[in-house]
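In what follows, a single structure is set out as structure tokens and then discussed.
Order of writing sets the labels: A, B, C and D. Residues in every chain begin at 1.
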Amino acid sequence: MEANELLGENAHIRGIQMENDEEPQIHITRLEVKTLAAAKQIGKLQGKYVTLEVPDLRKKDPDLQDRVANRFAKELTAFINVPEQAVVLVIGLGNWNVTPDAIGPLVVEDLFVTRHLFSLMPEVIDEGFRSVCALAPGVLGITGIETSEIVQAIVDRLHPDLVIAIDALAARSLDRVNSTIQISDSGIQPGAGVGNRRRALNRETLGVDVIAIGVPTVVDAATIASDAMDLLLQTLENKVPGNGAGRIFGQFAPQEKRALIAEVLQPLGNNLMVTPKEIDEFVDDIAHVVAMGLNVALHPGMSMEDARELTH
Amino acid sequence: MEANELLGENAHIRGIQMENDEEPQIHITRLEVKTLAAAKQIGKLQGKYVTLEVPDLRKKDPDLQDRVANRFAKELTAFINVPEQAVVLVIGLGNWNVTPDAIGPLVVEDLFVTRHLFSLMPEVIDEGFRSVCALAPGVLGITGIETSEIVQAIVDRLHPDLVIAIDALAARSLDRVNSTIQISDSGIQPGAGVGNRRRALNRETLGVDVIAIGVPTVVDAATIASDAMDLLLQTLENKVPGNGAGRIFGQFAPQEKRALIAEVLQPLGNNLMVTPKEIDEFVDDIAHVVAMGLNVALHPGMSMEDARELTH
Amino acid sequence: MEANELLGENAHIRGIQMENDEEPQIHITRLEVKTLAAAKQIGKLQGKYVTLEVPDLRKKDPDLQDRVANRFAKELTAFINVPEQAVVLVIGLGNWNVTPDAIGPLVVEDLFVTRHLFSLMPEVIDEGFRSVCALAPGVLGITGIETSEIVQAIVDRLHPDLVIAIDALAARSLDRVNSTIQISDSGIQPGAGVGNRRRALNRETLGVDVIAIGVPTVVDAATIASDAMDLLLQTLENKVPGNGAGRIFGQFAPQEKRALIAEVLQPLGNNLMVTPKEIDEFVDDIAHVVAMGLNVALHPGMSMEDARELTH
Amino acid sequence: MEANELLGENAHIRGIQMENDEEPQIHITRLEVKTLAAAKQIGKLQGKYVTLEVPDLRKKDPDLQDRVANRFAKELTAFINVPEQAVVLVIGLGNWNVTPDAIGPLVVEDLFVTRHLFSLMPEVIDEGFRSVCALAPGVLGITGIETSEIVQAIVDRLHPDLVIAIDALAARSLDRVNSTIQISDSGIQPGAGVGNRRRALNRETLGVDVIAIGVPTVVDAATIASDAMDLLLQTLENKVPGNGAGRIFGQFAPQEKRALIAEVLQPLGNNLMVTPKEIDEFVDDIAHVVAMGLNVALHPGMSMEDARELTH
């Protein structure tokens, strides 16, 4: 994901289409990877990617949260190509016990699920409400079952017309953390999240359209270490006169860098994450925004005001 | 459930077999309902029922907790009629956001799940460890999917040899709360828990043996009101001389009593529960005991000491 | 507290002044107990009592929450008789580990505290902001220190001009639970809350004006039992012809009733509370409303919109 | 703190006394800074410092936890120079809402406080139990009151004979995190913890002996970045032949390094912390160990078994 990082460089690659959109405090990037060749070139799967970047989302401004939910709902709606009577299954990936990995389960709890009402009390369902159900399947270490197996099992039984999967992501850069929402129709890639979930959820594996929603909530500690080294190297290169820099740093291979990073983090290994101190509040806030947006996008009959009331 | 309540009256009913067992601070009742006639007579399904009553379990004594886990493991083992290479699926029913309903999900988190290890890293699995997986499916109001549908979907895909379902119960009497663990092979009945889960999980519905483990954590407020009325009626009857009592109380029909109770609880309706103030600690403790017992019962190669280490 | 219950009967007692006010979905009662004689007669301390009753507060309607916060701020402002440059100490009573007792600590966390800013960074403080500080002292069983001693110690050192104490209450009736906010200038009475906090916080003990804010969040299980018995007795009396009722029920003394209630609740004793299942959400919501109202009432320069942004 | 880091270099400085002790899986360092000159030289205050290093503490082994609690109790006892009838006030510093900063408040909740029992029910107090009370005062951003002012106020009122302050620390190195417990009689230094608490708690400021207990639970993200740069510089120096290294890196001033680090972390600034994913469990476990140790050290009549039962 993290599509927009690629904008500058990739804007003119064949098979890539890209556009930016802007509203106050919200920057939207829409990227489409149209050909396999382009996909290989930029290291992403074929498909559509939308990224909302909202640095001020960390500032706890309810008006901005509303506007982001609204815009997110609109962008998401463009991904939802199923009729109103379709059944939508929302999957909240991640571990509800690990705060930065809890976005998915938190969104599930805030969803307006209706599938059971359609069968149990259809009279309470107004027009404009879709049949929505949801599951937070938990993580492999707790269930002993691959997440994709659980989702597949539910899909095989309920035959939803669309799966929407929400997951926390480990950002490649600090400025993404808790300020970015990503939508894609290319599925959720294995190991993309905070934990290690392995098999992809996408149309090929599940046999149904999958929309992935990703929210970066942490940065890997290795990223911090790597960034620090890169910045230092770059600073040093500027200092070394002539072609001295090439002499020194040309010898510095990627695997050497990885070894150094591993040495820095060695006592606690790969389980380290970098988060802001206010992580609990950030995660609550963004889960709320995503849930509001989902509720509005899934139920055409629901206004943002309804969503605000229903979404706790 | 609540088998032991029936002991006194039912000990001599045909088709009912019953025995008591005792160790310090722990009272065990084993009940078997052998015939359909007996089942109808006592209002329970055919099957085996074991109840551990441990009033001191509320006292936070780790030694007693260990002994209860141990005894529970032994009783449970008698229910587990599958070979060592069988796959066991543990279902933690209930809502992890409502403390007294969270027993099931809490136990799931404390289980030693191994199914993924058998395929991913079989070399770490010692002999004496079964393939165990687990799921906390959540409640209907959050998922929009009947719990039984989710379980059925997982069963259809994973083909476990045994399902064990753990649930919080609303006790019929205060002295059961947080001091009782119940095991049964007759499945989990609809609506038995704190919430309203509707379709039964049993061999008929799932096509696989189901062991139900129930832990009463609340009393319905209606039960308190009902008990208070019964006690008052009884006290009054003792006071009324001659056959006056019959005259008054004979007119008092069950539905009339239910109407009175509803009137008492009217402002907050059926969502009221009665819990001790220390409910969080109690629920944690009992979930821990159940998880330790399950770990030992499911993995013959695991000692209580291993279980204590592994069960957080 | 629970002033309004007394309205009907006491409206015409000498030394009692009372008025009702109404806005959509909110009923306000203002009671003043002016004389010692009146205080004795109705069993309340001399002072002013305002009660906001909002049955729909349980419905999670953000607009209503805003209006209640607003109205609560206005009523509270009438209690605050200190100049703008005064220092206000807010005390959040109760135990943050016991959900229905956590209102006080939750409000403290949502307050806009400024006292440290006045000394550390006075330049960020706009006009219209008071010096506000806050403490959640915890409960006797955890601290080993009487709450009143902690508060006294802080008051002796910081010399605030006003103390505002917030506490959860055990309601005398179910329809108060999670729908009522009470304000009083007569201090917080010992043992009024969910736990047992013993010495009063008031002008006599602390030497500074004390405004008490109380929110009923539970009903004692004994209240349910008692209500059930009362309703049954009343129903029976209506059934017994002639003066039979008097014969039976005249013999029924209060201590006898208390004994019956104790017998009903015996296995778990006095630690039982009756709460709705959604207690966590209710407590969060009302703490939020109280904190918003406090923020607006304490800082004349703060609008409800500011408060909404600042109050998480 | 982090005394042991200095061992190698400082063992032979005048005015420094140092010893190591060892038991399986536990390494103990005892350091005494005896003179002002020595204090200046090693950048620590005069006083005694004991550090328990237990890398395996991250492994959740209850037997090891018991042994660490036991050893910690013994080391702490050597710091407690008050008679048995003394009153001890325990202060749990930090913010209970920020997991890695919650050690102090968690320990307070697990303490066996007795001060109230001495006055309310002296008959339940056996010999060998000290009068212990405790407070978790919260952090400046929530209270608006300097922590030192709150503690001073309580000390002025209760006149304890000893204050013990527990705090989470930001470690200078990853291998300290969640595996180290530190004891000192030199007070708690300003800004030492996860948050910024400013004035020291020590004999000079409070007028009573202060024992500080510190547990590193996070590493600052800046530390990771700094470590990464140092390691890279060192690696590069080894690669540059002759005196080239000196030419390049001699120009590299500390403030330049700090500027680079700030640039790396810029999007989220100083509020970043590095924690292991299992931070919640680690913090619970260590708080439990510290509380057990405190309970045994403070109450000579309490055995480790009693402590285990009492310390939830």
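For the reader, a short list of remarks on this structure follows.
Rule of thumb we're sticking to: a contact is a pair of C-beta atoms (placed from the backbone, for glycine too) under 8 Å apart; a residue touches a chain by one contact, two chains touch by 3 or more.
Chain by chain, the UniProt names read as follows: A, B, C, D = Germination protease.
It should be emphasised that the depicted structure is a prediction, and the values quoted were computed from it without experimental measurement.
Shared contact partners of subunit A (Germination protease) and subunit B (Germination protease) comprise C, D. Between C-D and A-C, more contacting C-beta pairs join the chains of C-D. Because subunit B (Germination protease) and subunit C (Germination protease) carry the same sequence, their contact can be compared by residue number, and over half of the numbers here are used by both. Averaged C-alpha coordinates give centres for subunit A (Germination protease) and subunit C (Germination protease) that are 43 Å from one another.
Note on chain placement: the centre of subunit B (Germination protease) and the centre of subunit C (Germination protease) lie 37 Å apart, centres being C-alpha means. Note on chain placement: the centre of subunit C (Germination protease) and the centre of subunit D (Germination protease) lie 39 Å apart, centres being C-alpha means.
Shared interface positions of subunit B (Germination protease), i.e. residues touching 2 or more other chains, are given as 97. Note for the complex: subunit A (Germination protease) touches subunit B (Germination protease) at residues 96-97, 108-109, 111, 113-117, 131-138, 140-146, 149-150, 152-154, 156-158. In the complex of the two chains, the subunit C (Germination protease) residues touching subunit A (Germination protease) come out as 60-62, 281, 308-309, 312.
Those residues of subunit A (Germination protease) that touch subunit D (Germination protease) in the shared complex are 55, 97-99, 101, 173-175, 177, 194-195, 221, 224-229, 231-233, 235-236, 239-240, 244, 248, 251, 256, 260-261, 263-268, 271-278, 280.
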